[in-house]
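The next part holds the structures, each set out as C-alpha cells.
Look at the two complexes coming up: chain A is in both, with chain B in one and chain C in the other.
Our next item is the complex of A and B:
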C-alpha cells in the first residue's frame, strides 16, 4: 500500500499547521486539534508524530530520541516509520538535525536557531493531577489562577523540606500560561528558557498541541526562599566521564551494583574522555 | 391474531438454536476442516484471544477455551461464560505451591524504570514497536543474521536466577517491603465469597478474573487525574511457569505442568509524611497467558485500591473498592445488563397500573392502594 508523503493527507497536515500557528502566537496555551489515529499506539508519541508529519519536508533531517537515546526501541520504530512514509534523511547528531522529535529528554548539545524540537506529550494539562476536569482547568488558565499548583509546592516543602517533583516540572511561559514541559527531568527545564529553537508539543490522545517560540521566557515555578533546585546523579558518566550531563542509572548485577551513564547517547559519543 | 407469542416458547427456542448451529456447522462447509482441527487452529492463531478467555474464566485450559470461542462465534464474554460454567463442575483436589514467577524462563522481560536490569531486557514477541499497517508482518525485511528470536540487552547466562528490580529497591529501602498475605485471606474467592472491606489478596483474585475492558478503563482514569498513581513499570514479565503440587501421600513436591503467565510489578508514587518515611509504593498485576494490557491495568488498580490502607483520600471511582470490585466481572455484568431482554411484562403492567392510578386521582386527593402496589 502507498501512503501520502509523511503518512497524513495534505488537508490533515494543513489543519495541524494552522493549529500550530495559533499555538506559536499564544506561547504555552493549549490548542485543540483534530488528532488522527496513527499506526502507532496512543502513548507511543502519536502527538509528536503528527506534528512532525505536518511540518516535515523532503529536505529535512530528522533525529528521534526516546529517554535521550537514538537507539531505544521506540525511537528506532518512529525513525523507521518516517523513513518508510517520508523517506527523509535521519541523523543521530543533534547539530545536524533540522527536526528533533523527543520523548522525555532535551539533548545536552545546545540547540540552534532554525532547529525545531517536537516533544511527545502524554498529559498537556499541567494542573490535571490537582484538578482532573478540563472544564475547570480552562477557567483557571483563563483567570491565570495557579494557586493550586503553588499550594502543591508548598505542601511538598512542609512535608519534605523541598519541592519533590522530579520530572514534568511545571513552568510559566512568557509570564502568562502554566505549561507542562512534558515528562522531561526537571534537570532539562532550564534548557527551554530563551532557547533559539522553536519548541512544539503534541498530545495525540488528548488532542491538544502547544508551542514555545524561540527566545521565550520559560520559568520553573518556585518560591523566592525555595528556588528551583533540580536533582541529578552526581557520579560522572562511566563511559565518557561527563559530570554535567543527565545520567541513566543501570543495575549491573544481583548485588545491586549501579553504573551511571549519559542518557544522551549522541552527547556521550562526542564528549571527549 | 392475538399476541401470545411469548407462550410459544419451546418451538421458538429450538429454531433460534438451529440458526446458530447452521452458522457454526454449515452443511456446505467450504473449508471442510474438521472441528477438532479448527479448535487447534484457533489456539495457535488466535493465541491471545484464547489467553484472554482463560484469564477471565479463571481456568487454564487452551482446548476448552478454543472450543468455547468457536461455540460463541468469537464473542469472548460468551466464551468466558461457557468456560466458567464448565469450571464450576470441576472438583478441586489440591492447592498448588506458590508459583515461582521469577524463576521462569521469560519469553518477554522488560523494565521501563531502568535502562537495563538483572536478567536483561528481552522484547520477545510483541506488537509494541510494530506499525499498525495492514499486511505489516507479511512484508518484514529479511533478518540480517541467522534466526535469533530472542535478543537480550545483555548476555545473561540463561539459567541463572536474577533478583528482581523490586528486591534491589527493597535493599536500598526505597520501596515498601512486600509481605505475604495471611493464609485465611488467600482463600479462593470462588469458594468463599469475599465481603467488604476485602483483603488485598481477595482484591487481586477478583481483578485477575475481571473484565479486561473494565480494568483498562478504570486504570486509564487513574492516569488522567481521577486517583493518582505516578506509576513506573519496574518489571513486566511473560513466560512459562511450572505448576507444582505437594500431594500429602507423597510428602514432596512434583511438577504437574506449565502455564503461561504475565506479571507486572509497578513502582508508584512515594508515600510518607517525612523524608525518612518516604518510600515508593507497590502495585501488582498477574494474569493467565500473555496479556500485558491487563497485567498493567491490574497493577494500576491494585495501587489505586490501596488508597485507604495508605491513608489517602478515596475520591475517584478507581479508588473505591466496592465500586470497582462489584462491577468488574463481565459474566455477572453481562448477565444483569442483558437480562433486560427477558420478559418483564408483569412488573411493567404494575407500573402502568400505578401511573394510571396517579393520573386518575389528581394531586391532593387521598392515595388509593390499587392493584400493582
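Our next item is the complex of A and C:
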C-alpha cells in the first residue's frame, strides 16, 4: 500500500506547518493544531511524528532518539516508519542529522545552525499540576502571571532544601512565556538556551505545538539565593569514561551494585576512552 | 444615599485625604432579576464601613462590584489604584488583577476558597510579594514568619499544610496572606461567620488592630450587627438591593430610623 510522502496528506502537513510558523513567531506559546490519528498510540510520540512529517523533505537526514539511545524500541520504530513512508536517510550521528526527533534527551554533541530538534511532548501545559482549569492557565499565560510555579519552587525548597524537579523543569522562553521543555532532564535545560538549532515541540494527544527559534533565551526558573542547580551522577561513564555527560544508572545485581553509563549512545561511542 | 450622611462625617486626616473608593448610583441585575438599585457609597482611608442586611439583600454582589469581579449595569466605581482614584471600568484585566493582588485585599468567608491547601502555610502567606516579583527565598521566608507572628499563629507551624489548621487559624492565615501586601483597600466578606464566639472575638480584635495601624479603607460585609458595631465607624443597611439607611455606627444601631433597621436591631439576641 502506498502512502503519501511522509504518511500525512499534503493539506494536513500544510496545516501543521502553518501552526508551526505561528509557534516560531511567538516563542514558547502553545499553539493548537489539528492533531491527526497516527498509526501508533498516544504517548508513543504522535505529536513529534506529525511535526517531523510536516517538515521533512527528501534530502533530510533523520536521527531519532529515545532516552538518549538510538537503539531503543521507540527510536527504532519511528526511524523505520519514516524510512518506509518517506524513504529518507537516517543516521545515529548527531553531527550528520538535519532533523533529530527526541524523547527525554538533548544530544550531548552541540547542535549546529540549520538542525531542527523535534521533541515529543506528553503534557505541553507547564501549570497543569497546579491549575487544573485550561481556561485559567490560558489567562495566566496571557497575563504572564507565573507566581503559581514560583510557589511550587518555594515549597520544594521548604520541604526538600532544593528545587526537587528532576525532569520537565519549567523555563521562561524569551522572557515572556513559561514553557514545559518536555520531560528532558533538568541537566539538559541549559542546552536549550541560545541554541543555534530550531526547536519544535509537539503534543499529539493534547493537540498543541510550540517552538523555540534559534538563539532564543531559555531560562530555568529559580530564586536569587537558590540558583538553578540540576543534579548529576558523580561517577564517570563506565564505558567511555566521560564525566561531563548525563548518565543512566544501571543496577547490576541483587546486592544493589550499580554502574553509570552515558545515556547518549552516539556520544558514548565517539568519546575516546 | 450614603453620600449625604458622609458629608457630616469627617474622616481622620491621613496622607491621602480623599476617599479610597467611591461608588456612584450602581445598578446591577442578574437576567431580569434586579439585584442592586441605585447604590452609592464612599469609604475613606482608616475607616471601616459595614454593609449589613439579611441574606439575599445584595451585600456580596455589591462587594463583588466594588472589587471589580462584576461589572455594574449602570453607575461607576472609582477605587484607589497605583495613581490615585481610577474608574474600574477603564482598567484592563491585567491592571485589575495586579491591583487586586497588591493594592486591594479580599478576605472571604470560607478561607479554604482563598488558600492553596496543597501549599504550606508560609507559601500561602508569601504568594503576593512573590507575584510582585520578589525572588529571594530567605527574604520571603522571613516575611512569612513575621506575618505569622503578626496574626498570632505559632511560628513553628510555618511549614505545615493549611489542612492541619483549625478554622480560626485558617482565617488568620488568609488575613496574613492578604495584608502582607499592605493593601490600601480591604474587602471583608463575612470574615468571622462560621467561627465560634471566642475565636470570633479574638479575630475581630486582631482585625481592628491591623486595620487601624495600617490606615486601610475597609468594606465589611456582615449579617452580624455585633461584628459591625465592634469594627465599623459607619454602617449601611441593605434591603432588597437598596441602601435603606446609612450613618455612623452608633447612630444606626442605637437610634434606627427605618422600620426595617429597627426590626434588624431589635431582633438581635440579648447577650
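One rule holds for everything that comes next: the second predicted complex is superposed on the first by the 273 of 273 C-alpha atoms of A that agree within 3 Å, B and C clash if a C-alpha of one lies under 4 Å from a C-alpha of the other, contacts with A are read in each partner's own complex, and residues count from 1 in each chain.
The rule is short, and it goes like this: contacts are C-beta pairs under 8 Å (C-beta built on N, C-alpha and C of every residue); 3 or more make two chains touch, one makes a residue touch a chain.
All figures in this text were calculated on a predicted structure; none of them were measured in a lab.
When both complexes are overlaid on chain A, the residue A:123 reaches chain B alone and has no touch with chain C.
Looking at the shared chain after the overlay, A:248 reaches chain B, while chain C stays out of its contact range. Once chain A of one complex is fitted onto chain A of the other, the partner contacts of A:145 are limited to chain C, with no touch recorded for chain B. Looking at the superposed arrangement, the partner reaching more residues of chain A, out of chain B and chain C, is B. Contacts of A:131 after superposition: chain B is touched, whereas chain C is not reached. Of the two partner chains, chain B is the only one that A:74 touches; chain C does not reach it. Of the two partner chains, both chain B and chain C are touched by A:159. In the superposition on chain A, the residues of chain A touched by chain B in one structure and by chain C in the other are 159. Residues of chain A that touch chain C in their complex: 143, 145, 147, 150-152, 154-155, 157-159, 222-226. Listed in rising order, the residues of chain A touching chain B in the complex are 1, 39-41, 44, 67, 73-74, 76-77, 80-81, 84, 123, 128-132, 159-161, 164, 248-251, 253-254, 256, 263. Considering their complex, residues 114-118, 123, 128-135, 162-163, 165, 168, 171-172, 223-226, 228, 270, 273-275, 278, 316 of chain B touch chain A.
Residues of chain C that touch chain A in their complex: 93-94, 97, 116, 119-120, 122-123, 126-127, 130-131, 135-138, 140-141, 159.
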